[in-house]
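Read from first to last, the chains carry the letters A, B, C and D; within each, the first residue is number 1.
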Amino acid sequence: MQRVALIGLGLMGSGMARNLLKAGFPLVVYNRSLEKGLPLRDAGAEVADTPRQAAEGADVVISMVADDGASRHIWLGEAGALEGARPGMVLIECSTLSTRWVRELAGRAQDMGCQFLDAPVTGSQPQAEAGELTFLVGGDARTLEQVEPILKAMGRTIHHLGPTGSGATMKLINNLLVGVQAAALAEALHLAESAGLDTSQVLDILSNGAVGSAVVRTKGPKMLSGDYSTQFALRWMHKDMTYALDEGVERTVPLPTVAAAREIYRMALARGLTDADFAAVVEVLRGA
Amino acid sequence: MQRVALIGLGLMGSGMARNLLKAGFPLVVYNRSLEKGLPLRDAGAEVADTPRQAAEGADVVISMVADDGASRHIWLGEAGALEGARPGMVLIECSTLSTRWVRELAGRAQDMGCQFLDAPVTGSQPQAEAGELTFLVGGDARTLEQVEPILKAMGRTIHHLGPTGSGATMKLINNLLVGVQAAALAEALHLAESAGLDTSQVLDILSNGAVGSAVVRTKGPKMLSGDYSTQFALRWMHKDMTYALDEGVERTVPLPTVAAAREIYRMALARGLTDADFAAVVEVLRGA
Amino acid sequence: MQRVALIGLGLMGSGMARNLLKAGFPLVVYNRSLEKGLPLRDAGAEVADTPRQAAEGADVVISMVADDGASRHIWLGEAGALEGARPGMVLIECSTLSTRWVRELAGRAQDMGCQFLDAPVTGSQPQAEAGELTFLVGGDARTLEQVEPILKAMGRTIHHLGPTGSGATMKLINNLLVGVQAAALAEALHLAESAGLDTSQVLDILSNGAVGSAVVRTKGPKMLSGDYSTQFALRWMHKDMTYALDEGVERTVPLPTVAAAREIYRMALARGLTDADFAAVVEVLRGA
Amino acid sequence: MQRVALIGLGLMGSGMARNLLKAGFPLVVYNRSLEKGLPLRDAGAEVADTPRQAAEGADVVISMVADDGASRHIWLGEAGALEGARPGMVLIECSTLSTRWVRELAGRAQDMGCQFLDAPVTGSQPQAEAGELTFLVGGDARTLEQVEPILKAMGRTIHHLGPTGSGATMKLINNLLVGVQAAALAEALHLAESAGLDTSQVLDILSNGAVGSAVVRTKGPKMLSGDYSTQFALRWMHKDMTYALDEGVERTVPLPTVAAAREIYRMALARGLTDADFAAVVEVLRGA
């Protein structure tokens, strides 16, 4: 069985690690703050002190971190995972990153004779824990085949989108729509409350109508109740829309509604809603 | 059985008229261009020469026209329906209109001793023909009770939102979300095609994911195929977003993503896509 | 000498009235709250109880009020000025209004045999008091000639833009640019302060550079000092941008930066900055 | 006298080089396409084959290139200028770059014991040729003092904004306002032409009014005449607004009108107006 290293033990990474252990993969994990690795050590994983150490014995190295900066750090930083890489090793980036950085990283991997897949996921903590993530994969089909059992241990569905970077782009396309749908929902619900409508009824009608997506159904109640317990932090939504806009710049694609929505999320950041669920964007509209 | 007058025989009004006839309501219809009334005359409706004439013998007058201007014209214009109104009569506005105008019209109706409901619908031509519309109703509950059999002849679901204007506001809230979701989808799909992704696959993933609303599922294929045969004309989407923004102004509710999206629809109007399906908004992004 | 009626004694109207008196024009004034007329009565003006009464003896009736609603009220409301109008009288609208309403009002005036000019002004209170306003006039050239001495008593420059409504449109074009320049300046200065730059130096460089307009030079210091003593209230800036966007809708002209800026002004309204100078828009960006 | 190396001989760099020669500075120049150096060789400059070679004998190295990528290439690329740097040398970046890259570059310079100034300029080709540029400088005051004679040879005014990166930020602040003012002017002028106004008169009034900046006075005529001969290419305006938005992201400053305007410039890029003057942005609004 392939030996797997998993770097990044946030809400997502921890769930993914548990499912790898359940499926019987020999696993070494790394996280910046080591205490997040302890429960996994109890469950049978080895805990490495550095990304390099995690990578050294592995056949497949998976990363699940916050953003381009974190990804650059764990792969290329001091005692980074690429220092522990060997030709033939498969590197899988599951983080949501800019396509530009993913391509640069893939190039570095290739220089070292490694295979590389970008494989960001949709689904959040519950899906990560249940092993029901969806993988959006870019890279070589044969490489994907090689690691399919590993991905299947963590997720239910695997979409192969095309060459390197395609998975990253697909993820950004998905998340830009999430971000705009939620921002527009915030505007709609605040208009409803300002007009004195019964907002539960309004949300119910929207949820069952033409615009009724999971975003509407899950974020609407949070906006109405003001319960911003975090499923997906506003800072990451802002980051994903930023990466999407960067890709628009690179490919000369105008993204005017994304651009408008991103500024509202940044207004929310400026108000300190950084770590709240991104449903909190509605607070910007509510004024004081 | 109540005698019904129906004014406005576009795609929606014609379907509604047929269902009223099927349900056995004595029906008189009016349309600006009279030939649209002919098939309904064959089906048993009386055809009036003016809105006033249509209203004169009726217990309930229903309007289904394009915008505030058309509504004002058929109710208050020369030989308008209000000239034919009698105390006790019920007037039902099913058009998608500005809340401001709906309230003014309701006031005029009240001045004449009439009951008034704003009852815009969701659903488009197929639902109108199948009698499966959803009514979003504002106004007095007892008035609604009184005309419920009539609405039930044309639709499946009736939501009573509150006092006069609530139905209009609910409809605008719905449509502003439709407009933003479609504009953002256009941006997302054009980014996908510019990135060289398989756009059918992308749309499939989006349709089955967190953003997968009926808007995404029905407008996406039109954007990809370039088949803009009209289900809902771009001019009316632009109009509805304009009415929603007007309500934002009136209620001091900021609507930044709606504002951004409306301008893109107006760019599409400036390019002559006025009568195309609003999915054609993607053409603005595609440049030349 | 022509007898003049002036309706609306706000900051602008009061200054205009004084200059008409100075120039020797027999003057009757009207204001909703009558006490604003008292100082002018002391200065020689007659004070009317209603717009109609003000208009009755006059050759020329001038209106200087807040918005379409106020204009409609003083011309067409109960005891409105048009009730006191006679054929041959010249009606001059100096308020900043929507082109649509100006055209409707001009039609009403014409129906009564009156001449009509839309003649909004640029300049604010100091210019009104000093008789140094600039008039942006739409309407018939001969009518303008007839009242030129009156306008010259209040202003220095008269631009004749074309037929009815042209003055109104020109004013909205001017003010939409004022609104966007100020909103962008707010963004720029807040970026400067967030970057730790010396904001006085930054404003100085901007004021003397390619973007150095009077808007930059007069609004910048207010934004930096937080002194929002009102030269032009934020609510009116929001109103003017709304009228400009309405004209964009009517003429199928996309106005994306105006649309974005208007929503920021509305955010400021939602925070209660309604009567502050519109320079206060910067507070929306400053977050908490 | 200090020996100067100047890298980048575009419209700006060529003018700057001539003025350095006029002032008697020993000068070596480098440009990617070498033929741009020939006229300067005839005028007394030495022409280097690589940035490194240019830097090797110099006391002061000046860069004037297009964007972050070009700057990175000439400083850090193969045979880059930093390879020719010696401790004590002064490096001056006059290009308009992102603050983030400027800070990274300054760090690299410091690592080598060099002094670093970011000193982007305002003014375009005519000012570069006339030696009338304005320098916006970030970095150490003593370093600036050291090179002041060199800057004075090329420009008239030197603003010292603060530590490293301050000049870059100031330049982006300036250019974001240029970009928004021009985009809003395009909207205003297209509204004027759609309303049938005399656009020359409109522009004249705007130019002499509250919004009358140099941007309005110089870009307005280009928009009206359709003469987009390039003073500043649309691609660079889009780039500068992108860098400004990046800085907004980094400093959590919302920039909603900048965001809206940038997307319009990108629409213009999507239509192939890449190398036209940025006044061509008006074409996006004109539709077909």
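Details
Heads up, the rule we're going with is that contacts are C-beta pairs under 8 Å (C-beta built on N, C-alpha and C of every residue); 3 or more make two chains touch, one makes a residue touch a chain.
Worth saying up front: this structure is predicted, and the values here are computed from it rather than measured.
Any chain touching chain A that also touches chain B appears here: C, D.
Looking at which of A-C and A-D shares more C-beta pairs in contact, the answer is the pair A-D.
Centroids built from CA atoms put chain D at 39 Å from chain C. Distance between chain A and chain C, defined via averaged C-alpha coordinates, is recorded as 51 Å. Between the Cα centres of chain A and chain D there is a gap of 37 Å. Residue positions 248, 252-256, 259-260, 263-264, 267, 270, 285 of chain A each touch two or more of the other chains. Residues 256, 260, 267, 270-272, 284-288 of chain C are the ones touching chain A in the complex. Listing the residues of chain A that touch chain B in their complex gives 99, 122, 134, 136, 159, 161-162, 165-166, 169-170, 172-174, 176-178, 180-181, 183-185, 187-188, 190-192, 194-198, 201-202, 205-206, 209-216, 218, 244, 247-248, 251-261, 263-264, 285. Residues 238, 242, 245, 248-249, 252-256, 259-260, 262-264, 266-267, 269-270 of chain B are the ones touching chain C in the complex.
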